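One structure is given below, represented as structure tokens, and several questions about it will come after.
As written, the chain order gives the labels A, B, C, D, E and F, with residue 1 at the start of each chain.
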Amino acid sequence: MTEFNSDFRRADGRALDEMRKVTITRGFTDNPAGSVLVTFGNTRVMCTASVEQSVPRFKRDSGEGWLTAEYSMLPASTHERMPRESMKGKVKGRTHEISRLIGRSLRAAVDLKELGENTINIDCDVLQADGGTRTASITGAYVALADALTYLHAAGAVPGTPLKAPVAAVSVGIIDGRVCLDLPYEEDSRAEVDLNVVMTAEGKFVEIQGTGEEGTFDRVQLNQMLDSAEKGLRELIAVQQEVLRAPYPGKLP
Amino acid sequence: MTEFNSDFRRADGRALDEMRKVTITRGFTDNPAGSVLVTFGNTRVMCTASVEQSVPRFKRDSGEGWLTAEYSMLPASTHERMPRESMKGKVKGRTHEISRLIGRSLRAAVDLKELGENTINIDCDVLQADGGTRTASITGAYVALADALTYLHAAGAVPGTPLKAPVAAVSVGIIDGRVCLDLPYEEDSRAEVDLNVVMTAEGKFVEIQGTGEEGTFDRVQLNQMLDSAEKGLRELIAVQQEVLRAPYPGKLP
Amino acid sequence: MTEFNSDFRRADGRALDEMRKVTITRGFTDNPAGSVLVTFGNTRVMCTASVEQSVPRFKRDSGEGWLTAEYSMLPASTHERMPRESMKGKVKGRTHEISRLIGRSLRAAVDLKELGENTINIDCDVLQADGGTRTASITGAYVALADALTYLHAAGAVPGTPLKAPVAAVSVGIIDGRVCLDLPYEEDSRAEVDLNVVMTAEGKFVEIQGTGEEGTFDRVQLNQMLDSAEKGLRELIAVQQEVLRAPYPGKLP
Amino acid sequence: MTEFNSDFRRADGRALDEMRKVTITRGFTDNPAGSVLVTFGNTRVMCTASVEQSVPRFKRDSGEGWLTAEYSMLPASTHERMPRESMKGKVKGRTHEISRLIGRSLRAAVDLKELGENTINIDCDVLQADGGTRTASITGAYVALADALTYLHAAGAVPGTPLKAPVAAVSVGIIDGRVCLDLPYEEDSRAEVDLNVVMTAEGKFVEIQGTGEEGTFDRVQLNQMLDSAEKGLRELIAVQQEVLRAPYPGKLP
Amino acid sequence: MTEFNSDFRRADGRALDEMRKVTITRGFTDNPAGSVLVTFGNTRVMCTASVEQSVPRFKRDSGEGWLTAEYSMLPASTHERMPRESMKGKVKGRTHEISRLIGRSLRAAVDLKELGENTINIDCDVLQADGGTRTASITGAYVALADALTYLHAAGAVPGTPLKAPVAAVSVGIIDGRVCLDLPYEEDSRAEVDLNVVMTAEGKFVEIQGTGEEGTFDRVQLNQMLDSAEKGLRELIAVQQEVLRAPYPGKLP
Amino acid sequence: MTEFNSDFRRADGRALDEMRKVTITRGFTDNPAGSVLVTFGNTRVMCTASVEQSVPRFKRDSGEGWLTAEYSMLPASTHERMPRESMKGKVKGRTHEISRLIGRSLRAAVDLKELGENTINIDCDVLQADGGTRTASITGAYVALADALTYLHAAGAVPGTPLKAPVAAVSVGIIDGRVCLDLPYEEDSRAEVDLNVVMTAEGKFVEIQGTGEEGTFDRVQLNQMLDSAEKGLRELIAVQQEVLRAPYPGKLP
């Protein structure tokens, strides 16, 4: 890892540790209690948080709430149209895997005891995919969750203050031996190593998932990737905090 | 039908034969050849037309193309979140019914012989639902189709000029005995009769579907509803023609 | 539409506005409360109405009943055997669409409040298909429904008199520019326009579904088709009324 | 087993080894090459044999044909309506088990080499169920198969003479210690032992399935049951042979 | 059947009426109340009996228990790997058929009234398949059932003494006209006739299933096969009784 | 993290960084080319590697092979019996997630170009579950893979030498603030943080998945967990290398 081709350049001209342009729009749609459009460059995900004043059977009479998440790509979100999972009657393994990751990550942002017996359903629907759809989903869903909890609180349905500090996620990869932050599709598909990091505003990890299918990685590289990820995550959390400074975008009950 | 309560008013203040505000945005996303966001008031549908340079088995070696359509509501598009069909492993009858209506309607807008052995996949994904999602879908999908055919033509993949005159759709209903155009959800759910009309720019019907589950209707009422629908449809077709005057919104091959 | 080939003839020699031979046999099978075999020419459908003294969850404690319908074609009912939907694990869109049409149409023939908390399950199983299976289904199912309500009444399970006036259905199409009534398969497959009309004995429409996939149609043609349909419907309703004059065909409780 | 209540009587007054009334109607419907309505008392099954001039993959280029069978009960065929398997998206174990039994039994009646690369699809759809649906299905399906092979032969599509001697099936059970032939539902549901026997006209067994869920049985009882079954089977085979003496009921190619 | 080739030999050198080596290992795994590994030659099946202190809906408040069984082959249990049924989303007919046979056979070994409102779930998972997997499953599952009932009894959850006398199963077939006991895969696949016999320790039949797809069989052959089967079954029951003489292999509650 | 309760003890008496007893048995079953039973304490998994001399469509004519993996728990492998996924018709998200992890990990142990157009199907079926089923699966599957490649090589079907250095996996968690290696179920269910590490014999990471659903973790803790995991992984790889020193356990082609 000592010598690189000195003219390594990212296709979009970014520095190695530079995020794509990130935007988070609250109140993207009106029906769910929290609704956000998040963009990481060309990746666009609609993240919603819907509330239900009840809990699934395994939480009944526990005094605790629950949060669950579903992720899906619209058929035309990718370059080649993908078959619609509902029409095939089967959900792909990748969809399940990402839905579960989003659920675990967002449960780290909510105190289920403080939530009381309410359920939050997170939906992340990818309108346009260009890499990083799972990390954009988690980052946007936190903001939708915050809005949904504000809504539940205004409805007098939450016993405590369930929202914890922001949780965001970013991907980082190794391409031609270089650590690159926030990979678009073109980079992701040729990365030797791919690491997704979910972190709280306190700088603690919620989840790290590193995969070296096209290569492997050692402890030094892992630490370099974590350094880069942390830089991106601090920026993402700043965006989350910034957009949440404005009042609830819809009508409170 | 002779005497009405003289102070009948629609909740949103519209005249009986007045459309909601309609917008059609081309180039809404980048990956599909045609991508449109259509809004009828608070109803918002993403309509895409993806192209495939091949045909399904039953059209192979026929020299003709094919067009198929799928409709879906995002789980959080409605006031109460709906379960995701892919997770239930089953597509609801309503979804099937609307997908088939959209497919038939759009096939009336394309000459399959002129299309050659290409397939157009229409996807209509409802981001926000407030009544009229099927009619907005058809109206928006025509514009996405037009863009997709422009793209295919630029790619040299279309033997002829397959696009026919615009096709649009609108709903009309009878509420408290009055014929009302373009029903939002609140009106739709209490209408005695509900009629969806799909029409071409030449003023010919492609499809009419009238249902009187909460009531029935006679020939006079049918003609009144068709009059109202035609007025709305001429306005919708004018919007379609207007937005299609601008050049293709993306990069042609 | 002014000049026709003067020697236009229907394959089966019928006049343009002549129905095929229609028969309705009550008490076709013994187990369901209502069981009917209906034939429109070579089309044969077994229509049953089964009763359940309870209602689905969404109607519980409403004091109202419910009616639902399922349509299916036996695999060997068509010229080419069709795969059995249960073996494929999927119901086709067409099946869903027709089941829903039958359900809506028959609900127009029953007063759900008068029915009390009972459920009627309509099953229409096509034994032999030669066009018009959905219209034969609706026409036959009304008679099965009438018998089932007689049975429920005799069992002391119905609070009121839920049966409304007869509902029947017929198809009409445009072939080579001519309006033809009650299309067999051979005509249906080459019709430019196809209209299904569901009407009550009072001459009110319950449902009209017109499709012009192979062509389009204008208001004049629509009215011609409705005229022809009404003639057929009056004949069908006369058959329904005639066969219902005989007493209940089975053993009452 | 030595002493019986001397006034044991079957509910329908039959002798212990007496069959219910059996009828086999050829040409029941027109589309399949073979179509039969078979009745064993109140049990009524529509059995069809459809032909396909090709074979499934595992028989391709083998020079041999194939025969497969599907059994299904219409939802309203039973006293209590059963849910439709296509709507549940799952086929029950009992359905699978009977379909496989019918397939194996009918393959004993056809020489697959003489059939050449053709496929026979047997469908047995129960219109009304009163016990013995699987045995009626096999008995009726043989006749449908015979007609289908006559049709294929007339079409010049069969290289040899594939039809073998008749195959029929009957049930026999032990009720209150007595061997009873051809059980209707009421007897079947309280039999201690239930035996289904499939036999050829040469008196050879194709399949025997004996179940003693409510009791067990010894070799003596087995032989008594087989004696009774053979008597019934000879009568059934006589009916098959009798009805097949008439010419093919439809139009040959 | 009078003259045979005098040098007929079974591939594994066994006499015609000789069983393969049979072993039954109790306490094969620790979690279920009964867990057994059974081997018939190279066939190896893990049979477990899990207990649930409740019953399915149709047995609720009956005072009786229930027993149900599921059979499955691991994908790599056969020479050619088989697709996993869970991944295909469909259970094969053969799997259903065998699961039902095991359930019926084991219900003959338990008195459901004495069991009280408890459920026994039998699982038979084939680790290695070499013919006779269904008969090995039944034979091993009886031992797992016995252990599960011992466990339930020690837990004070069984009102009576539900275990009945041993039930075992064996296959017998006709190969080149000779009756052979306990067929391995190689023999099973070329047998003219195949008979599975389930019998109790009292020598009564619970189930017999004979199939002559490649041939047929007469009464004489049936009796020869039953003689051979009985010999094997007595040996199997001796093994069951022998292994059950040792105390419960795990920790009782 | 500075002060711990000095008498912290693991339930099974192990030191914090001590593995459970690990065994790997080759030639566990005979049919697949590679078949291994792996145990980590009470966790027992059957890992098989089946070979197919062809590739899935997306690899055809690429000159490269493919490896895919499926993981499943037998219903009675857990303390409470779990419903069988094949009977529910749906694969759970957790099953998909682990199957994908095993597939990615094992693909890191094989050079797909050297493999040529062959497919390896890995099946990991959990016979008994006590935590660490996914890590035991990966560790055992490597050995099954090695055997399968030896078999393919002996069959002359592999162009090169596809097997790479050993890949093993282990879990590590934080319990009451302490880093513990190789968690059994009881520890896993109350761990604050759970990390699965997949590593090659060269000490490079293939995959790391850390989850802090019940807590979060910082960089220091991550490094402590990785240290502990590496110790366990070196021991596992030694076991793999040791057992692979013996010759192929079955019959080579």
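Just so we're on the same page, a contact is a pair of C-beta atoms (placed from the backbone, for glycine too) under 8 Å apart; a residue touches a chain by one contact, two chains touch by 3 or more.
In UniProt terms the chains read A, B, C, D, E, F = Ribonuclease PH.
Here the structure is a predicted model, which means the values were calculated and not measured.
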item: Each chain counted as touching subunit B and subunit C at once; value: none
item: Between subunit A and its twin subunit E, rotation from the CA superposition, multiple of 5 degrees; value: 120
item: Same or different residue numbers at the subunit E/subunit F copy interface, by half rule; value: same
item: Between subunit D and subunit A, distance of the C-alpha-averaged centres to the nearest whole Å; value: 59
item: Whole-Å gap separating subunit B and subunit F, where each centre is the average of the chain's CA atoms; value: 51
item: Contacts with two or more other chains, residues of subunit C listed in rising order; value: 89-90
item: Residue ranges of subunit F in contact with subunit E within the complex; value: 29-32, 35, 42, 44, 46, 48, 50, 52, 70, 72, 74-79, 81, 84-87, 89-91, 95, 121, 123, 125, 127-129
item: In the complex with subunit F, residue positions of subunit A that touch it; value: 92-94, 96-97, 99-100, 104, 107-108, 200, 202-213, 216-219, 222-223, 226
